[in-house]
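Just so it is clear, A, B, C and D label the chains in written order, and each chain counts residues from 1 on its own.
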Amino acid sequence: MQQRTAQARWERWTQRPLLALAVVFAVAYALPIVDTSAGHAVTVACTAVEWVVWGAFAADYVVRLALTERRGQFVRSHWLDLCAVVLPLLQPLRLLRLVSTLLLVGRRAQMADQIRVTTYVAGAVVGLLMFGSLAVLSVERDSPDGNIRTLGDALWWSFTTMTTVGYGDHAPTTGLGRMIAVGLMLSGIALLGLVTANIAAWFMERFEKDDVEERAQTQAILALTEEVRALRAEVAELRDHSLRP
Amino acid sequence: MQQRTAQARWERWTQRPLLALAVVFAVAYALPIVDTSAGHAVTVACTAVEWVVWGAFAADYVVRLALTERRGQFVRSHWLDLCAVVLPLLQPLRLLRLVSTLLLVGRRAQMADQIRVTTYVAGAVVGLLMFGSLAVLSVERDSPDGNIRTLGDALWWSFTTMTTVGYGDHAPTTGLGRMIAVGLMLSGIALLGLVTANIAAWFMERFEKDDVEERAQTQAILALTEEVRALRAEVAELRDHSLRP
Amino acid sequence: MQQRTAQARWERWTQRPLLALAVVFAVAYALPIVDTSAGHAVTVACTAVEWVVWGAFAADYVVRLALTERRGQFVRSHWLDLCAVVLPLLQPLRLLRLVSTLLLVGRRAQMADQIRVTTYVAGAVVGLLMFGSLAVLSVERDSPDGNIRTLGDALWWSFTTMTTVGYGDHAPTTGLGRMIAVGLMLSGIALLGLVTANIAAWFMERFEKDDVEERAQTQAILALTEEVRALRAEVAELRDHSLRP
Amino acid sequence: MQQRTAQARWERWTQRPLLALAVVFAVAYALPIVDTSAGHAVTVACTAVEWVVWGAFAADYVVRLALTERRGQFVRSHWLDLCAVVLPLLQPLRLLRLVSTLLLVGRRAQMADQIRVTTYVAGAVVGLLMFGSLAVLSVERDSPDGNIRTLGDALWWSFTTMTTVGYGDHAPTTGLGRMIAVGLMLSGIALLGLVTANIAAWFMERFEKDDVEERAQTQAILALTEEVRALRAEVAELRDHSLRP
């Protein structure tokens, strides 16, 4: 119990700093893509910042592992976190570092009970749109056949993809760009499902409230309780009478 | 209570005139876009009408604020209305005035209890299709690369966007046009969710009616009540017997 | 009651012949569109058959109106049928006759209780795909910019439209063709909603069955009944004892 | 009962070997399409393997038919299996053999209770994506107007089709290719419905848990039980008193 409390305390304390670091990562990731005139020094600095943020999340994973008692179970139930920590080490690709950090941020955010589902989903959608746009832009800009060359085009393409509209005026042409697109499409389907399910749940809740059968039951139970109380009163009267004489 | 009644009475009285004004706004907005041969005088008159309608909605906001007792709470829970009132003042853009008026009409319509959800949604969809078409047409017509140049094309594009079909034979090319498109796409996702949720709710309602467990419970409760009544009769008989001698 | 029975009897008797006539209409409508080498005589004969089928449905409407007692209510609740009957008279357009007959067939099919919802929807989807393809083909074939010129292209386009995929390799260019497309898109959204709602209803039914709270309640009610029965036995024993001496 | 057990035992025993054969079929089907430089010998060997796997599934159908007592009912309720077995014999088309084997694998997998719905659906989606890509590639590669010529393009097109995004940068142009596309679109709609229904069911389950009315009922039933117990104690006291003297 003590160990679990220690882990939970750590997770509560580090939550806000880690989210702040995620914002720092976002800026460091976006800067060299958006500002193409940025010099070599800026790019190097941004890469360094990205590695530092990734390092912080990796350290967080290690600390949480150390604070848990059942380590085997923690590793097994957090295998996605482990992959996200190890992957950028194997191949220092920028896109991989982005996906890893997004995964780690998402896993940490899910852990926090305060953040409600809707807020989490809205955050995830906005984050996916932003990072999807930036990642596609950085990948497709250098492709000879590419047609996504400005941040505006990339954002527009992300929106048409996630809402499954898909005009086709812009579409990724490279393998990496298409993988990012597949990620956006799947999130789009999840988004559509979430919106529909939310509305359906809200509808159900409304019509559940005036469930006739349920209310009839409650009425029947209350009537029965009244009946039993009357019976008890009668029995009490009977007892008083038979005890008195 | 008196204040709340005053506000509610105002809202009921002004509802129909404001909806009529919204129709006037629609005509004034559509006229210079549809009729390209309209002279300068017509355009100026329409702009004036738009400002008058916006003014009426702004005045309605101020009156409602004045009639409320808890002004702080009203401002906080109606911050979207406040933005819609203030925004066109900061930058007298035509599109902004459209969005603001649509927002204010939507907020007022939501307030009215008589207008049911389905009617409201159907109205919102038709309104969004119409205004989306007009707004995109006015924005894209002057773009050199634009491919939405007639009202027919704009309406057709709105439909393909809102149903998330997205042929791509027509697509906005300017930043403003694309923002309008994003609005239409999001409404399209909401529309799809609403249609699905409506059908699902209708399905559920049908199969909820013959819920076996629920009816078994009701039967059990009724049987139990019968049992208790029989018990009470026996106790009454017992009491009569023990009181008699 | 007698009048209502007469109407119901008529509807049951004429249901199959009218559906057969609808199939005849389908063939007469499709023939001149699919077989472009068909001579003038065939086209004239097909048009005549179409008018005859429409006439049969119009006569069915009149007979049903005559058999009802509350005629005002019948006209009001069947205003769509009335429009479908009258419209082709005002403007003898072929497409209008198609839409009218489809509407009348749909309204009659809905009336029949035997035809279940899923069967009806599946039939409606197949019918819409078929007639949408034929109607678009006949409209777009003669358009100078049209790109739907064979039956295969028309069917393919219908599928991509109804599933909201919308590649955009084929798209209607005329006003009439786009109206048909809007009809297909809206049916597509309805289809998607129906599929989702069906699956959701099936899921709910499954998880409703093992509703924990409900079963706990049933257990509690049964335990309570047992308790009351034991109480009744005790009271009976008490009565036997107090009556004996 | 004995017959049914024999059939069930056969189905349990052959399940894993048949799934393994399905994987072998997948490899034999994919090899000549992916590796275009494969010689004639490889193609012939792969075709032979395909026929062997199809033969194994056909034999499985015959054995299951032989083990059932009510053969007429088995044939009627498994008519799709019969079609899948017979079809490749009538016309030895490669695509038909693929569809037949997929159908047979699907029907056998559905039979196994161990494989849960979600696993089955995920497997079906991945399988459809893979085979859809391969089938379209083999069909469209030789079409003169075709624009799906590499495995990467085929996979990308499958994803854009199944998620109903449909950019239109790649689209099948032949009749066969379009039939495969229609299959993918319909699976896409089913997938979307499943995702939405899953989320909706999960939402419902959550809000069902804190159903206020239900819990109020449980409280009422427990209170009533308490009441009856108290009554029983009183009656017991009364009996003890009336028995004692």
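Basically, contacts are C-beta pairs under 8 Å (C-beta built on N, C-alpha and C of every residue); 3 or more make two chains touch, one makes a residue touch a chain.
Computed from a prediction, not measured in an experiment: that's the story for all the values here.
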Copies chain C and chain D touch via same or different residues, half shared test: different
Fitting chain B to chain C on CA atoms, where both chains share a sequence, rotation angle to nearest 5 degrees: 90
Chain whose Cα centroid lies at the greatest distance from that of chain A: C
Which of A-B and A-C has more C-beta pairs touching across its chains: A-B
Interchain centroid distance [CA atoms averaged], chain A/chain B, Å: 28
Approximate Å spacing (C-alpha centroids) for the pair chain A, chain C: 40
Contacts with 2+ other chains: residues of chain C: 164-168, 192, 196, 198, 200, 204, 211, 214, 217, 221, 224, 228, 231, 235, 238, 242
Pairwise touch network: line, ring, star, complete, or other: complete
Contact set on chain C toward chain A in their complex: 164-168, 196, 200
Contact set on chain C toward chain B in their complex: 161, 164-168, 171, 175, 178, 181-182, 185-186, 188-190, 192-194, 196-198, 200-201, 204-205, 208-209, 211, 214-215, 217-218, 221-222, 224-225, 228-229, 231-232, 235-236, 238-239, 242-243
In the complex with chain C, residue positions of chain B that touch it: 152, 156, 159-160, 163-169, 191-192, 195-196, 198-200, 202-204, 207, 211, 213-214, 216-217, 220-221, 223-224, 227-228, 230-231, 234-235, 237-238, 241-242
